[in-house]
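Next up, some structures in structure tokens.
What follows is a pair of complexes built around subunit A, which joins subunit B in one and subunit C in the other.
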Partner chain A sequence: MDSAELLQRESFVEKNARQRVQYLLDAASLRELLDPFERLSSPWLPLQDIVTQADDGVVIARGTIDGVAVVVAAIEPAFQGGSMGEVGGAKIAGALELALEDARASKPVVPVLLLETGSVRLQEANCGLAAIAEIHAAIVALRQHVPVVGVISGPVGCFGGMSIAAGLCSTLIATREARLGLNGPQVIEQEAGVDEFDSRDRPMIWSLTGGAQRHATHLVDTLCDDDSADIRTAIAGAVARPVGNLARTQAVDAHLERLRALDTGRRADAEWAREVMAEEIHGSGEGS
Partner chain B sequence: MSTQEQGSRGAAWLAALTDNASRAAGFPDSVQVVDGSMGEHSARYIAVVPDADNAYPRARGGEVGLVEGWALAQAVRQVVSADADADAGAAQKRAIVAVIDVPSQAYGRSEEAFGIHQALAAAAEAYATAREAGHPVLGLIVGKAMSGAFLAHGYQANRLIALDDAGVQVHAMGKQAAARITQRTVEGVEQLAETITPMAYDIASFDTLGLLFARVSVADADRPSDEDLDRIRQTLERALADIGQDVSLASRLDADGRAASVKVRERLRAQWNGD
Partner chain C sequence: MQRLSLDYPAGAPAAARALAGVVGSGDLEVLLEPAENGRSTVAITTSVDGVNDIWTAVIDRIFADADQPAVALEINDFGATPAVVRLRIAQAMEQAASGAGRT
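Coming up: the complex of A and B.
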């Protein structure tokens, strides 16, 4: 690729949550729900002398993508690391629950989740965790009716309970800049020691949890460049896809067989992970 | 059985609730599965327990790791597919009881490399699918219910019950790591936990959020007495009856405990259709 082409690209990673939503939805179709003027901010942060944000870092909007009715939930990476507090968590869970009601009433609305989150906001710990469980429940129930599309573009990545939510999405889209993992590097280093996981070793971290590796190990379905047009095209394809079983969680026996036979004394690296997580370990997403 | 395992509350309550019945075969030592009963109903009891010989070093203390996540999914999915043709409801679909004593998910390099988030997603999906299919799913918290481990094992239950005991804790992260991530001291985290309800680790504070069906006092949370066992069995049966046809998690939304969660949903509903 030449520099002219790079210069023409419109970065998605650099957009904030609201700009991302505006970019993705069909022109004039966007209707934001619980916008900042509703002033639904965290009840818990002021008690800890932490500045709140009037949308609690989550943008919910209804509209269409290439004519398909969607509800987009976009997490703002720049507010508290995209963490899930009570209000932001309830906005996502509540939107998914309403989409489920509509889907059951034959009014399908496809959820698109822009996952940009270090997961639970520790200042609201148990409220965030409860909301994430509710998000998981809604995604699983929704998938009977509509696809649920997850996007991890970066820069924050997607961790903790929200990485589980990502793992539940019908289609998961990521860029190379994104990371996807259960435990953040600092937490692993804190719990298991620097020899196990050096949180400053960025090449190692991206080699194991970066978008390209997650795509190569079939934990991400579509790998995009940080190009807004590419990402929108991938999302538009995913929202129009028919519902089916989630391939990533079908092959329970195959995963157990392989993981129980693994040489756990060996230090994991990217190449070995690609061998272990090869295509045949994952199930078929066809049918119901 | 190792000494560690004998000290596991999860193992102790699983054995007690199932009258020491033999475990279902085919599961790793760290995931104990027993088919038993709950009053007149059939039930599958599942616990994640410590295993000092676990091949994965980071999952030896009862943490939910790669193998545990997929094994939980297998244990639950077996029940769902075996009862697929039965009518919904407690009388037809077997109950599933997650006996919860999980200190955390497994933190390690192999765990991340081989997709522990997907293993936990498989477990959470299995429990949620069982609930949606009409299996009464109950979560009994007898020890720690932490973070991703709890999300994978128990947080998808229709009803949550907890022992009222100092060793019972629910949280998103251990104190040391939480202090590091929020750039506070451990003392600072502990101090805030005293006034900010969702930051607390104790089960009484958690109960005020309205997420529990019941909090039950027992004489000995480590070694359940016959009386303790009776009380818990009665509570489980009461929860089973309370579930009825409810396959959702709506009973957790308490207007006092999580006022903002309820308010957000009300306002969202009012704006949903834009008319």
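Coming up: the complex of A and C.
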């Protein structure tokens, strides 16, 4: 790629959550729900001397993408590491539950989740975890009716309980800058030791949990460059797709069989992971 | 965390509400709403303690012109420098004046 092309590109990663939503939705279709002027911010952060954001770092908006009715939930990566607090989590869970009611009433609204999150906000502990559990349950119920589209654009990545939410999505879109993992690098280093996992070794981290690797191992469906137009095209394609089989989370036995066959004495690296997960496991067909 | 409230003489109410910035490292969020005729208010919550004098100096200068539209500003600050403070407030004022929506 030449530098001129790179300069002309409009980055998606550099946009804040609200700008991403504005970019994705068809012009004039955007209607934000519980906007910042409703001042639904965290009741817990001020008690711990931490400044709040008026929308608690989550933007929820209804609108259309190329004419398809959607509800977009975008997490703001810059506010508290995109962490899920009680209010932000409840906004997402509530939006998904309303989409489920609509789907059951044959008025399908496709959820699009922009997942830039280190998962639960530690200052809000169980309140955030409860919301994440509600988000999981809502995605599982919803994906039988409509596609549920997840997007990880990076560089915060998507970790913890919200990485499970990403895994549950019907379609997961990521960039090379994105990461997807249950535990973040520092957590792994703290638990397993620096010899096992050096959280400062960025090439190693991205080789294992980066978007390109997750795509090669079939945990991500579509790999995009950090190009707003490309990402929007991928999302527009995903929201218009019919509900299909879900290879990742419905073929549990096939995944377990593959994991049981692993030699756990061997140190995992990126190449081996690609070998082991070279074949995409196909869903059992319960999805439709 | 510290809170600070300031107010200034102003002109007619602002045309629309506006939002600028996020509560991220070195940045801040400005919520701008039209205020009653003749008075602007600024409510600041900042993560940095002990810099009330700097805040007052920066905001005093921005609101030195008493003919500006009357606004109620709420600022949630996460360590923004005075330059970023000015930029974000200017951004919100411009949006409110043009009615161009919010970013």
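A few notes on this one:
By definition in this document, the second predicted complex is superposed on the first by the 279 of 288 C-alpha atoms of A that agree within 3 Å, B and C clash if a C-alpha of one lies under 4 Å from a C-alpha of the other, contacts with A are read in each partner's own complex, and residues count from 1 in each chain.
Going forward, a contact is a pair of C-beta atoms (placed from the backbone, for glycine too) under 8 Å apart; a residue touches a chain by one contact, two chains touch by 3 or more.
Just so we're clear, the structure is a prediction, and the values are computed from it rather than from any experiment.
Judged by the touch definition given at the top, the superposed model places A:A229 against neither subunit B nor subunit C. Using the contact criterion defined above for the overlaid structures, shared-chain residue A:D49 touches subunit C, although it does not reach subunit B.
Shared-chain residue A:A69: touches no atom of subunit B or subunit C. Within the superposed three-chain model, A:G167 lies in touch with subunit B and out of touch with subunit C [touch as defined at top]. Shared-chain residue A:R18: touches subunit C; no touch with subunit B.
A simple residue count on subunit A separates subunit B from subunit C, and the partner touching more is B. Look at A:E97: by the touch rule set out above, it reaches subunit B but stays clear of subunit C. Residue contacts after overlaying the shared chain place A:P36 against subunit C, while subunit B stays out of touching range.
Subunit A uses no single residue to touch subunit B in one structure and subunit C in the other. Subunit A contributes residues 16-19, 22, 36-37, 46, 49-54, 57, 76, 78-80 to its touches with subunit C in the complex.
Every residue of subunit C that touches subunit A in the complex is listed here, in rising order: 1, 17, 19, 22-25, 27, 29, 31, 33, 45-47, 74, 76-78, 102-103. Within the complex formed with subunit A, the subunit B residues making contact are 28, 55-58, 66-67, 70-71, 73-74, 77, 104-105, 107-122, 124-125, 128-129, 131-132, 147-148, 150-152, 155-156, 170-174, 176-178, 180-182, 192, 195-200, 206, 209, 211, 248-249, 252, 258-261, 263-265, 267-269, 271-272, 274.
If you check the complex, the residues on subunit A that touch subunit B are 31, 33-34, 38, 40, 42-44, 47-48, 60, 62, 86-87, 89-91, 93-95, 97-98, 118-120, 122-134, 136-137, 140-141, 144, 160-161, 163-168, 180-184, 186-188, 190-192, 196-197, 208-209, 217, 219, 246, 248-249, 252-253, 255-256, 259-260, 262, 264, 267-270, 272-273, 276-277.
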